[in-house]
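Each of the next two complexes has subunit A plus one other chain: subunit B in the first, subunit C in the second.
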Partner chain A sequence: MDFNTQLTLFSTRFLGIFIEAVSFLLLGTLVSGLIEVFVRKEDIARFMPRRLFAAIAAGSFLGFLFPVCECGVVPVTRKLYQKGLPISVGVAFLLAAPVMNPIVFASTYAAFGFGPILIGRFVITFIMAVAVGLLFSLERSPIKLLQPRALMAMSGGSGLASPQLSAPQTPFGQGLVRAARVATDEFFDMGRYLVLGTALAAGMQTFLSQEQIRALASDPAMSVVAMAIMAFVLSICSTTDAILALSFANFGFPTGSLLTFLTFGPMVDVKATLMYLSVFKRRIVIYMVILPLLMSLLFGIFINLNVRF
Partner chain B sequence: MAEKPSLNLSLPMHSRFDRLDIGVALAILALLSAILLTLLNGDRVGISVRRFAPQGLASSQAVVQITFDEPLDPESIVGKLSLTPEADGEVSVVGNQLQWRPRQALQQGQVYIVRLAEGVRSQHGRLLLQAHEWQFRVRAPQVVFMAPVDQPVQNLFMIDPNLPETQPRQLTFSELGVLSYDVLPDGSRIVYSELGEMRTAHLRIYDLRTNSTSTLLECRTAACTTPAWRPDGNMVAFERSELNLETGAGVGAPRIWLVDTNTGVARPLFADNQRLGYSPRWSPDGTILASYDANIGGIVLFDFANNRERLIRTPQGEVGQFSADGRWLFFPKIIQLAGTTRYVAHFVLVDLHSELLVQRDLTPDNDPNNDVELAWLPDSRRVIVTRRPPEITTMQGAQLHLLDLETGTATPLVTEPDYSNGQVAVSPNGTQLAFQRFALGQSGARPQIWLYNLTTGDLRLLANNATLPRWLP
Partner chain C sequence: MRTRRWFQAALMLLLGLYLLETLLTGEIAYYINERFNWLAGLAGFILIALGTVNVIVLLSEPEQNKVTPHSAPNLLQDVPSAAHSMTARWYVLVILSVPLLFGIFLPAQPLGAAAINNSGVTFALNVSGAGEQAFSIAPTQRNVLDWVRAFSASNNVDEFSGLPADLVGFVYRDARFDETTEFMVTRFTVSCCVADAVAIGVIVRSEQASNFSADSWVRVQGKFEVRDFQGQRMPILIAESIEQVAMPERPYLFP
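Moving on to the complex of A and B:
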């Protein structure tokens, strides 16, 4: 393939990923703006369960309240952190929300019907998100985990949430204007990560051979690794990835491998990883990539080698 | 001397790693160990059988098909597939499908148990961990025909020749009618041409395994007729005549087209659209397609194995049938009997295994018999000839004879001059003939389908007001 063709392919793929993702980022930043204006810190404190496990489990179901994909979930999480959401709960939300929401439920059901893929996708995502969330509860100091920008609204720069402070009551109209301003700032702040991530994903799609990865379809272990790589590289939005997974199923990829694609991809892909850097410190982002990766590999390989459908 | 001040080095020691780092490290270790253990524990599932056929009732020519979720290693199949009671067949592997094709017709009424032993291996080394076993019963061959003849619209019907008192079962319910059809040699599907609006004709498939009809090809501007199955069921050859509806130029001359039954993609046999053709016939192994080209004036044999064409020159415009062993093809020739003004038709056999397509007369040129039709028996050594003996005028019916190719002996089978016989179809095991009869002397008579038993000589009516019988194995 000559350079011009590769460049054309790169441009097409870049635009394809970007146009799909940017709408969700816009939606996420709008939600983020509304949270900034209309959600008070005491609301978070009031509605969040006191017990750690219950709080993290509740966090993984927050996607049904804020139905956003992996691009939109990052600004929402950042804003929720600024409103005092515990880090571990936010991590569970961040990882689970791109799957655990009604849109993805519907698209997965449309592609695979009610069966092992649909059930497995939601159960495995829940387990992974809760497990990582529980692990992150070992560190309660946000300052050690979050980027300074994500801590801006926290009290006195201590890195601890200040539940006492509450947002002054704002008239609805003014509130909307302010929410739009916040959303705009968030959009451009996160957008650069999206552009970088999209460029990286498009580059990998153009220059890495997907045929070789597909050739691994029948190997129960290697097909799981292949699907994890595909999920990371392709950076498909979680609302549409079930359709692509269906085509992988037709290539002969087994159920465990498809579940890896459908659980790991929404949590971690090239563009989401870069966007995580806008919220978390680099070390934490590495953890947030490695832990879901290993867990999804374990689930995928175990299912392929031990479960007959 | 003043003492040197001592430096207190007992600063509080801070680990570079906090609780989260340690927790993550332990989690990573645990996950890696779990992955390793899962891999060491090995494959507890193996490859799986996705589909298998036939199930329930099957034809005597049924192909056993087992589809896996992975492509198979053909060497691992050896000795793994068995049928009880034993039956002679050929095993092949294509991708993730294992096929067993019987060399001889399976025994009617017999229940066969198919067993695929564990140990079959995929190309990636995964094993079939559990034996797979099921059974099917072989039904008697059925006779398919078109009826009613006295109506403008005909449909396909099927009848069990062993249960003549039962009513024929209607297979198709076309409003405008079925024009022509062909039965797949394994008895699983029937392809037929159905008349559509504006004299178009489309190809449909009736699947006897599911009793369902599907469209193979919509011909919106043409009449697609005379379909012929390639014996493996993956291709159908047919005649396509453009209707030229927009130009009003009338129906064009037919050309041979092919349609892939898996994808539904159709294409002409020849890229040159000036090449005409009709009456497609497949060789038993599916490598040769014979058709008649009126422009060239002969039967064109297109060999798909090497994309080579061979030509049998004949002005009669008829393509015969291949023998079951694929060696012979027949076609008619018209000769004038020596010393008379009478013309008769004789058949010529073409040896397709010979490079020069050596021809052999079925009957000597001085034989006064007039041969109308020919049908092969499965042994490829005998044929059924529909013949008008010289003492019978052309207004009287053709009769059935059994002709031995080695000895040249013709044995009369059905000789009733008041009836005209034809359209002979030989049963898969070669013991029965289904054919059309027409009572010449009776007013208001309709064509009928009759059955003749070659072993006992029994002759009986199978269906009234019907035509074009074919055996469904």
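Moving on to the complex of A and C:
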């Protein structure tokens, strides 16, 4: 294949992923801008369950309130942190929300109907998000976990806010202008990771062969690993990955492997990982990749070996 | 810093205009499933609205940062000041310009035969409930996707024998095909965006097969017969006529 053909292929895939993802990112940054202006720290404190486990479990269901995919969830989480959301609850939200929301429920149902894949996807995601959330609750000092920028507002005024403006009596129009400016800043801050991740995903699709990965479908353990790699590389939006999983089902991938794809992919993929770096310190991001990876691999292999549908 | 903020606002406006332009020209069909078109349009409007707000704010606070004491040279760039705290650095602006540059300077082209080398073509595709749906369409009205769905939903290949078909797709061949008499009339299905594109196709046999080069768009009319292909009994379209056609406005099929 000559260079021109490859460049065109790359460009088509790059723009395709970008156009699709940038819409969700923009919606996420808009929600984040609105939270900045119209949600007060007291609101978060008031609605948070007191007990740790209850709070983390609630965090993993927060996606039903803010239906966002993995591109939109990062700016929302960061903003909620600035409003005082506990770190562990935010981690559970960040990991669970891309799956645990009405849109993904609908698309998974459309692809697989009501059955082991749909139930497994939601149950496993919940378990994984709560487990990682609980682990993060051991470290209570946000400074050790978060990037300074994500912490910015915790000590008081946030990015654009002067204390007077954040008072509830802010005129509505003025509030909207401020929300727009917060959204702008977030868009550029997260957008750079989105562009890099998109370029990586498009590059891998264009220059690597998927054939060898698919050849592994028949092995119960290796097919799970293959699905995890595919999920990471392809970086498909969680709202539609169920439909792609259906085409893998046609290549003979068993249920456990598909569940690994459908639970690990929304939590961790090339572009989401890069976007996590705008919230968490690098060391923490490594944990947030490795822990879900190991758990989803274990779940997938266990189901492939022990459960017959 | 004001230059960067102007650049930021301009970039948002241009990105928004680019999204709306691909929608209006129909080029969006090369990139995403049409059921997400409204989302791309919404994104375009959001970008233009955000860009406009930024321009208005910039115009209404002329040279403000020259008067504030906080604007001393490079003083704590990331610390919030009343006016602007996190204006993107130059390299961020450069990165965000990349999609715009790709979109403007490279010719928009849908995926073609060259994109298949990495992933192969499927003869069978399972979409729950869609098999029966495909059977309810009159044979000559079915597209490549409908046929492939019908093939995979059926457990008796012989039922396709003798059915007429009228298909549009691009020509694809690989090592399995006999260059002179065979090719595959192929389409991509796109569920979300081109990242999940799956190539599907129907095998065509014709004496004129070699007249049509890979990637060219053709309309094939003929009848199915069950024949041997690579040791497997499969429905194969025996062409009665093949004509070169222009690429359809929507090159992908949307399941």
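Convention: the second predicted complex is superposed on the first by the 296 of 309 C-alpha atoms of A that agree within 3 Å, B and C clash if a C-alpha of one lies under 4 Å from a C-alpha of the other, contacts with A are read in each partner's own complex, and residues count from 1 in each chain.
Just so it is clear, contacts are C-beta pairs under 8 Å (C-beta built on N, C-alpha and C of every residue); 3 or more make two chains touch, one makes a residue touch a chain.
Here the structure is a predicted model, which is why all the values come from computation and not from measurement.
On the superposed subunit A, the positions of subunit B and subunit C overlap enough to count as a clash. When the two complexes are overlaid on their common chain A, residue A:30 makes contact with subunit C while staying clear of subunit B. In the superposition on chain A, A:106 makes contact with neither subunit B nor subunit C. Legend: residue contacts after superposition of the two complexes on their common chain; A:201 is shown touching subunit C, with no touch to subunit B. Look at A:119: by the touch rule set out above, it reaches neither subunit B nor subunit C.
Contacts of A:18 after superposition: subunit C is touched, whereas subunit B is not reached.
Legend: residue contacts after superposition of the two complexes on their common chain; A:54 is shown touching neither subunit B nor subunit C. A count of residues in subunit A touched by subunit B and by subunit C gives the higher number to C.
When the shared chain is aligned, subunit B comes close enough to touch A:291, but subunit C does not. Only one of the stretches 56-64, 128-136, 182-190 or 218-226 in subunit C has C-alpha atoms clashing with subunit B after the fit on chain A, and that stretch is 218-226. Applying the stated touch rule to the two superposed structures, the subunit B and subunit C interfaces on subunit A have no residue in common. Chain contact summary for the complex, subunit A toward subunit C: residues 1, 5, 7-9, 11-20, 22-24, 26-27, 30, 111-113, 148-149, 152, 157-162, 177, 180-181, 183-185, 187-189, 191-192, 195-196, 198-199, 201-202, 205-206, 208-211, 214, 234-237, 239-241, 243-244, 246-247, 249-250. Subunit A meets subunit B in the complex at residues 131, 135-136, 138-139, 144-145, 218-221, 252, 254, 283, 287, 290-291, 294-295, 297-298, 301-302, 304-309. Residues of subunit B that touch subunit A in their complex: 18-21, 23-24, 27-28, 31-32, 34-35, 38-39, 41-45, 48, 69-71, 96, 122-124, 126. Interface residues of subunit C, counted against subunit A in their complex, comprise 8, 12, 15, 19, 22, 28, 30-32, 36, 39-40, 42-43, 46-47, 49-50, 53-54, 57, 78, 80, 82, 84-88, 92-93, 95-96, 98-99, 102-103, 106-111, 114-115, 117-120, 122, 124-128, 152, 191-196, 198, 255.
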